[in-house]
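Each chain carries a letter (A, B and C) given by its place in the written order, and its residues are counted from 1.
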Amino acid sequence: MRVIVVGIPGVGKSTVMEEAARRLNYTVVNFGTVMFEIAREGGLVEHRDEMRKLPIGIQQEIQREAAERIAAMDNVMVDTHMLIKTPGGYMPGLPQPILMALRPDRIIVIEADPVEILQRRAGDEGRRRDADTVETIKEHLELTRMAAIASSILTRASVCIVRNPQNGVERAVSAVVEAMRG
Amino acid sequence: MRVIVVGIPGVGKSTVMEEAARRLNYTVVNFGTVMFEIAREGGLVEHRDEMRKLPIGIQQEIQREAAERIAAMDNVMVDTHMLIKTPGGYMPGLPQPILMALRPDRIIVIEADPVEILQRRAGDEGRRRDADTVETIKEHLELTRMAAIASSILTRASVCIVRNPQNGVERAVSAVVEAMRG
Amino acid sequence: MRVIVVGIPGVGKSTVMEEAARRLNYTVVNFGTVMFEIAREGGLVEHRDEMRKLPIGIQQEIQREAAERIAAMDNVMVDTHMLIKTPGGYMPGLPQPILMALRPDRIIVIEADPVEILQRRAGDEGRRRDADTVETIKEHLELTRMAAIASSILTRASVCIVRNPQNGVERAVSAVVEAMRG
């Protein structure tokens, strides 16, 4: 099974995903890392921060190749984003042609309380100052659900919404594991 | 006109749909029943509960054939689901290829108050014990709207949201009839 | 860049869009007007209110031609609707084939408080009596977001949600301008 795992920054996605993958004997694959490896193999970049300087057409080509590479894998959790918040708006991380190439079986959406998300982000050193408010975090969570459902209609993947409350990681991990076995 | 009628368990879909169909002189066709008939005609199953044991590829083939069979009908209300809640998450009842084969003109989404839905389900004998809460029912209602709108963009079908409150069946039926004539 | 600007009646879309276009040196193109021009050039209609009397198939053909005509333009803001409220339900203004022909880079959704929307509509002389309530306006706003996100997944366009509060036009215009430059 190929599972897409998404969640906006601060929901605690990595912790939940990695522990669930460990229990299920799944491999976690980061979509962006696969893209970077393809670009490096092709001699297009040496460092990851050069990726965004590539022409858009090339980036999209690499994105599709990454999706195809991952589609050849099984028992894999794909660490990626439904909607990336940019100064130009919410950018779809998995637009239609990429979804169709990726052929996911499940989409797991990790969510958390907007106030807790803000607090987690504030405690996260090294992060640039965050302009988000509880309102914009709510918006990002809501739009992510919409993108997950649209992706589900396009791909037949089922969608699981998993809440990851403060001090509730164990329950979130169990919910992911159960959904994967369901 | 071909109309898809959806609503999560407990909204009172059947009552509203059947009375609206009667007034409009429409036929109600259950999508799952058409699938079963196709499988039985093909000698694949004898009983309805054997359907889910068929290989996924066969099930999808039957699903598409059902959509094509219904697409040949007119003045029909299609009783089906946008998102089926399973242990593995919300599964799309009408993924893109099925929608494209079905070519609906309208999508009618029957909704009710989450608390009333819980109460109706509790009073429904023969139903297995329900793990849903007001929160998860709200989620299912919200995701169903999202799936209906994504389906609308894919098919050009217009979407009607019809509320079916306790003691308000007559108003719900009228709303469906008006939307169909609109 | 081609930007789709949408917003339900009463959010104050025109004011925000036109001022943002002026500052960015963009042209505002009304989708419906382009459709009318195509129909008039083809000798199909003389007046705009004849458009809706054309056979559906012809209307869809004109819609696609309008999308292609606009797709050939650059630095353009397309004034249109995600979901048009009709007696038969919410009709998608930009169904999939039209979106694919239009190839937008951005979708800007202008929103406002539902109560303010009702008040603006009430003050709008010449408008036919409005049957909408705060509840149905909330519904229309929510479904519009869903349609925008589904369109984003289909087209790769990024989505910006811009709030236009009473006495906040300047901030709304700035938000649009920043999103366009972002």
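The definition used in the following text is that a residue touches a chain if its C-beta (ideal position, glycine included) is under 8 Å from a C-beta of that chain, and two chains touch if they have at least 3 such contacts.
Keep in mind it's a predicted model, so treat the numbers as computed, not measured.
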- Could you label the chain A-chain B interface same or different, taking same to mean over half of its residue numbers are used by both chains? different
- Message: I need the rotation angle between the copies chain A and chain C from a CA superposition, between 0 and 180°, in steps of 5.
- Response: 120
- Distance between the centres, which are taken as Cα means, of chain B and chain A, whole angstrom: 30
- Hey, what residues on chain A touch two or more of the other chains? 146, 150, 154
- Task: Within their complex, state which residues of chain C touch chain A.
- Result: 106-108, 145-146, 149-150, 152-156, 158-161, 178-182
- Message: Taking the touch rule as given, give the residues of chain B at its contact with chain A in the complex, in rising order.
- Response: 60, 83, 86-92, 94-96, 99, 139, 142-143, 146-147, 150-151, 154
